[in-house]
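By letter and in written order, the chains are A, B, C and D; residue numbering begins at 1 in each of them.
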Amino acid sequence: MTNKVTAYVNPVGSLDVLSKHEVSQLTDSKHKQLQQVFRLCALAVLNTGNDSDNSKHIIEQHKDFDIDILQTDRGVKLKVINAPSNAFVDGEMIRGIQEHLFSALRDLIYAHNRILNSGHFELSESDDITNANFHILRNAGVLNPVKYLNLVVCWGGHAINRVEYDYTKEVGYQLGLRSFDICTGCGPGAMKGPMKGGAVAHAKQRMVDSRFIGISEPGIIAAEAPNPIVNKLIIMPDIEKRLESFARLSHAIVIFPGGVGTSEELLYLLGILLHPNNKDMPFPLILTGPKSSRNYFDQLNQFVEATLGKRATKLYDIIIDDPEQVAIRVNEEVKKVREYRKENSDAFYFNWRLHIPYDFQRPFEATHQDMSELNLSSQQPVHNLAANLRCAFSGIVSGNVKADGIAAIEAKGPFKLKGERFIMDALDHLLRSFVEQQRMKLDGKTYHPCYELV
Amino acid sequence: MTNKVTAYVNPVGSLDVLSKHEVSQLTDSKHKQLQQVFRLCALAVLNTGNDSDNSKHIIEQHKDFDIDILQTDRGVKLKVINAPSNAFVDGEMIRGIQEHLFSALRDLIYAHNRILNSGHFELSESDDITNANFHILRNAGVLNPVKYLNLVVCWGGHAINRVEYDYTKEVGYQLGLRSFDICTGCGPGAMKGPMKGGAVAHAKQRMVDSRFIGISEPGIIAAEAPNPIVNKLIIMPDIEKRLESFARLSHAIVIFPGGVGTSEELLYLLGILLHPNNKDMPFPLILTGPKSSRNYFDQLNQFVEATLGKRATKLYDIIIDDPEQVAIRVNEEVKKVREYRKENSDAFYFNWRLHIPYDFQRPFEATHQDMSELNLSSQQPVHNLAANLRCAFSGIVSGNVKADGIAAIEAKGPFKLKGERFIMDALDHLLRSFVEQQRMKLDGKTYHPCYELV
Amino acid sequence: MTNKVTAYVNPVGSLDVLSKHEVSQLTDSKHKQLQQVFRLCALAVLNTGNDSDNSKHIIEQHKDFDIDILQTDRGVKLKVINAPSNAFVDGEMIRGIQEHLFSALRDLIYAHNRILNSGHFELSESDDITNANFHILRNAGVLNPVKYLNLVVCWGGHAINRVEYDYTKEVGYQLGLRSFDICTGCGPGAMKGPMKGGAVAHAKQRMVDSRFIGISEPGIIAAEAPNPIVNKLIIMPDIEKRLESFARLSHAIVIFPGGVGTSEELLYLLGILLHPNNKDMPFPLILTGPKSSRNYFDQLNQFVEATLGKRATKLYDIIIDDPEQVAIRVNEEVKKVREYRKENSDAFYFNWRLHIPYDFQRPFEATHQDMSELNLSSQQPVHNLAANLRCAFSGIVSGNVKADGIAAIEAKGPFKLKGERFIMDALDHLLRSFVEQQRMKLDGKTYHPCYELV
Amino acid sequence: MTNKVTAYVNPVGSLDVLSKHEVSQLTDSKHKQLQQVFRLCALAVLNTGNDSDNSKHIIEQHKDFDIDILQTDRGVKLKVINAPSNAFVDGEMIRGIQEHLFSALRDLIYAHNRILNSGHFELSESDDITNANFHILRNAGVLNPVKYLNLVVCWGGHAINRVEYDYTKEVGYQLGLRSFDICTGCGPGAMKGPMKGGAVAHAKQRMVDSRFIGISEPGIIAAEAPNPIVNKLIIMPDIEKRLESFARLSHAIVIFPGGVGTSEELLYLLGILLHPNNKDMPFPLILTGPKSSRNYFDQLNQFVEATLGKRATKLYDIIIDDPEQVAIRVNEEVKKVREYRKENSDAFYFNWRLHIPYDFQRPFEATHQDMSELNLSSQQPVHNLAANLRCAFSGIVSGNVKADGIAAIEAKGPFKLKGERFIMDALDHLLRSFVEQQRMKLDGKTYHPCYELV
């Protein structure tokens, strides 16, 4: 994989043609930051199949990678310079990767011009954030009037073992046989397995409009490159918008074994569903894994019960070692969601009614200070505690795999987290088990925690 | 046509789903004007096949027409109330009309939110106006990377006689046999004939992706309802943006006999092509009609020569009574355009390089004062004179068929135009011939001029 | 149109690739007759738009026309030599005509190998004839499992006047608005009008899978060249198989004014529907025309009543001057057909249950002897009389427009028909009125009858 | 797999509608044999995923399985009774399996009516056999005029180990990345692996018209059920027509490790290519496997050299452990095939020019007598020896896995083969190595040879 390729690439997929102004943004020195983010995302997309989850390392490895944009008679064209050779076959870029490249371009330009710098959205208000998300997703072509609800979001670790991975494939297969499309966060492990299984099932069912949606964000994409099975890649501006997109697009969510990232996602969702406004909304949520993961889910369940209470544990089902049952259950539950949306004249393609408080939308940047100031006590509404626990996990993810997070830890040492005793104990217990089970990192080396519980 | 129908209509065609915010704009009392424009355009679309070109009259006839927008599980839905019955078959809206309805909605919402009120475009600057046009057209789905150049814009009168109409069909047929798509300004007469002929030819050639593009604007659409053959309807915010869209989308332009509207279009184009910046750009422009129209084109040609000079008359060819030759010539000339764009790496789908001075982009509202202040003298660059003559014709169109124009004339009497003698003489001569040839209005009554040459 | 074109043409449409054996049939001297029939059909197809209905004349005019078949790496290729130039645009064959050419090839080879010379079908048995028809139609790709019944067969004259022609267009338009597909016998007049109207309506309704089926046979195709709107051309081996195909494919039949050919079709159908076995089967049959055709239908109705009795006149409705009502009625009646087929588990795409006696299937070749021996008396079951009257009209069609019929008349003088007095009187009356109304031939010259009533 | 399902199934895929006559064949007692063959093939298709290769055993296991055919308004319908449950998801048949069911029906009816009992083909003549094959393949929809040559036939054992299986997947993946379609003989092992790999590659390349062609025959299908990835299933009447189809459809052939079936295929092909008539025809043939298969290919190569001579070994390349190289080589060689076919105006979709002597086409039924009479001596042209060796292997396949072959062996003991000493030694050596390497049967039990070398 030391070979590098320089090539010209034409647009494919859902990128509309670009205006002269948009092309100039990608060449003008005034728009340095946009260009850097695009270069980073492009590298991630092209770097598919690599086996590192260390963004910083990947970026350093490809210092000579670059990407230019050119105006031509048929639209725009990209020149990729010193790209990883495994994105190519006999000098031609693999078509799926080519599509990802232009999906990244599409989302970054749209977010830059029409969302972040347009003055059109007030991004400190909850409604406007949701509206902005809606616009990005619509522009990406994933909001379509549909007849059936069939999008299952699958969450789970990127660093899972072979048995767990095969299990995620089997669940994807059983969902796929029942015509469900799959949405994950891109990357390897539990984010790839369900799509692989789903793709085989869709082939057997001769489905032709399968959607394998991958939702990423610039900070994580380098560590979790989209697998080419993803046929709709979306890059949201930040992790909170990514999480909200999962929540509003999904008709059901399945959670596989994972590490801190998966815990972040579970806490995010539980926090929202615990909010009084969402009390009566059906929201299928299933935790599942192979026999060997029973212990893992017991610990996770205990942690939820200890910190958020029994009401939280009732929001999900745990199904161990039964992929067919997972798919059958999802099928049943989604029918209730359909009924609910019809009764309330809600859109099928976007869950407008789900109440997501601003606390869950505000971008959390994991600095040492912010991490140390998180309020991890029971003296607050339970959904607020969930929001803060979610931030704690988010910070640990950043310290583990994101380029700036790793840099911050290298510079200042581990994050310090503090809070009420019983919460810290539960947290300590859970994190230790992740380390023991090697759920923190891909490389298999001894794990040096990027956090301390104080 | 006395029957009226009330019905619910689901979205079809290229309207994306709407956000909650966009739906609310169409119901909220804060957005009265947007709603009124939509109601007007919807009425025009539904009123297809009517034989009046008096917008004011049409609007008065349908005072009880209304349209509501509703949010549903599958997206939005429209309720049309007291709509003209000929838009329906056995109670079901004709699918082509249904598409037009949602095209109108798409363009009005987009222009309202993303162009006019977004703060993103500086609409007093030429580049930004062009960019805005590009965005509206892109959002309407008419800018696609294409392999061949095949869009012919056809201009000509809505009030032409049967022989002329049949001729426009035959030209459309010959263009269609050669795989050309047709773009016109919607409405009857020369704007419908080429599409009808083109559609038959495309059927014979088994073309499946035919584009029959109709470009309108809110002020004119009521008088020139889109024929349902139009399968891409676009509503630009004003007449200048509509004209610029024609100029930038077209690969060739064919002009049939017409009246003041057609003269406006010809002058607009000649003015631009006379600008020094556009000197070397190939731009196929053919004036054509049946034998009986020879006189008409002689007069038009004399007017152009008298006012803009011989250089202007060299910008077009006149072909009398030879539809096949028109198509063959267009075919040859478009090849040169293709070469030119390839050499300059220009887009095939949008003529960025065409220089359109701000004078031709600035919305001209035909008030009595503005009309009387038009500089119609030879003491200015010839392209400026063309711009001002274009405005004079534009005002007359408005006084003839637009609702507010008619109202202004009713209130204050005819517009007064003044200028250099030889120009006024040429103008007088041309306008008189239009009146004599009944090219002013559809209804066939005695024509009362809405202008006076002073 | 004296220009002639020689060109190579690649297969398009539904011709499968040919075997080496099939290719050799079209070149080998052993298969002279097949080659001649193909040459004739090809000429007819290419001669579209010509205004003669005299097959003999057309063939003589194009003595130097020829067609070769060539084997290539991508399949077969045709070389057409001295073809009429109006089948081409700038040297390229019009795609619709190209499809017709290969449809002719497909049907002729199939009928030759798999039906007529296969030994697989016993063509003197009613069931096997029906089965053979089924196989030809299936091979032509017109038998598809459908959800709705929407095929209306339109019959009527090729030599109708402008008012009648416009009326057929309007009926086709109203049918098309209601999603009906059209099937006719190819050719001009009432066989083209409904398709033209239907095509416009389908465009407005954005229907993309329109079927405009033309069913011809080698003896008639030269006189009734398929209009390029026909997008499924089928060439049945003889006129009886063509008539049976109409009857079994149709979900409703509409008959416009016509001449002897149309009378032949009406009698064929009445004869079948009068058969006791078909007593309870719903079979929508509507005779319709503009105001000016009222007289025509009165005469036809009187003829039917006089010869076949009142029961026969109850099998159809006559609707004068109301295209919309025709379409509404067809719509209603077809629903009953659908119910009937569902109840009896009959196929939607092929009316197996319709009983067609062998007398209606046996090829009738109009020789002077056979014509003179037709039993035109009331001393037989009424459906037999209908069958014989049908043959009488068939012979007259042949004498009017078919190459061998015309030759026979030139050689031996008019056919002699004899029969019971009141029948001959009715026949005489009807035929005279056809002559008076110029419904016999296209060319408008004085008509010399090819028959005598003895 | 103890559960059984009874269900109604509608046609999907490329089965045309059936005539009444064809439906009756599947119900009438006169056509017992056709019905039994269909029942057998249907069972095989539905039994996908089972892990037995013993046809007799499978048939006995499903004695209560049956299948009825019903005429309905929308065409035909099948009633499957006591079908294996793994063909269903929640009571609905998996769509791919449903297509296979109707493909089987299509091919059996076609072969029965139009080939075997039509009198149209003289099946004792070489040309007519080839023509019959052409007709069956054309009716199955696999002969299409194509622009590129991209069909690679993959042969190899059904009973291969995991390392070999993964290798076949990887070769399929590398071929798929280069847009090659895959054709195999259905079943597990080397017939499934390349399709799985190819399907993943096609997904990454966003290919939408992938062809995964499986060619089987009634005698083998029960032991080698088509994997649902197969999207074009074809059932040829016998093994020799199946082999000819492979040879004439393929643009290149890749052979993986296998057992006697694979040897049969290799000898069949070498015998043909050794024929003087085929001397100059490019025919890419690559033998490949993982490192561990080096020994296997050495033995096979020695056997070929010993029996057919050095000239035979030059007809193929052996590539060990380099999937990418296999695909690159195929790509290069196929370009030469393309050139050759263009030069000779040969069809791309069917290799008419390949000379297949009648000896290779004549159905060989492995009776004890025929096996014992095979001429296995060097006193004959080398391609004849190849033909006879091919029959020897064919007989052993039959004795191993086919229902009637197994029964014959059970009744009369092993087949006896005799021949020239050095040939029998080479044969003995090769067959022993297959037994040792467990390449004879799937079940892993001790293998009892169904042959004796005398």
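Quick note on the criterion: a contact is a pair of C-beta atoms (placed from the backbone, for glycine too) under 8 Å apart; a residue touches a chain by one contact, two chains touch by 3 or more.
In this text the structure is predicted, and so the values were computed from the model without any measurement.
Separation of chain B from chain C in touch steps, taking the shortest path, is 1. Seen from the C-alpha centroid of chain B, the farthest chain centroid is that of D. Averaged Cα coordinates give chain A a centre that lies 45 Å from the centre of chain D. Inter-chain centre distance (chain A to chain C, centres taken as mean C-alpha positions): 63 Å.
Taking each chain's centre as the average of its CA atoms, chain A and chain B sit 47 Å apart.
Not a single residue in chain A touches at least two other chains. Within the complex formed with chain D, the residues of chain A that make contact are 12, 89-90, 94-97, 99, 177-178, 196, 199-200, 203-208, 228-229, 231, 328, 331.
Listing the residues of chain C that touch chain D in their complex gives 11, 16-17, 19-21, 70-75, 113-114, 118-120, 127, 131, 134-135, 138, 143-147, 341-342, 345-350, 352.
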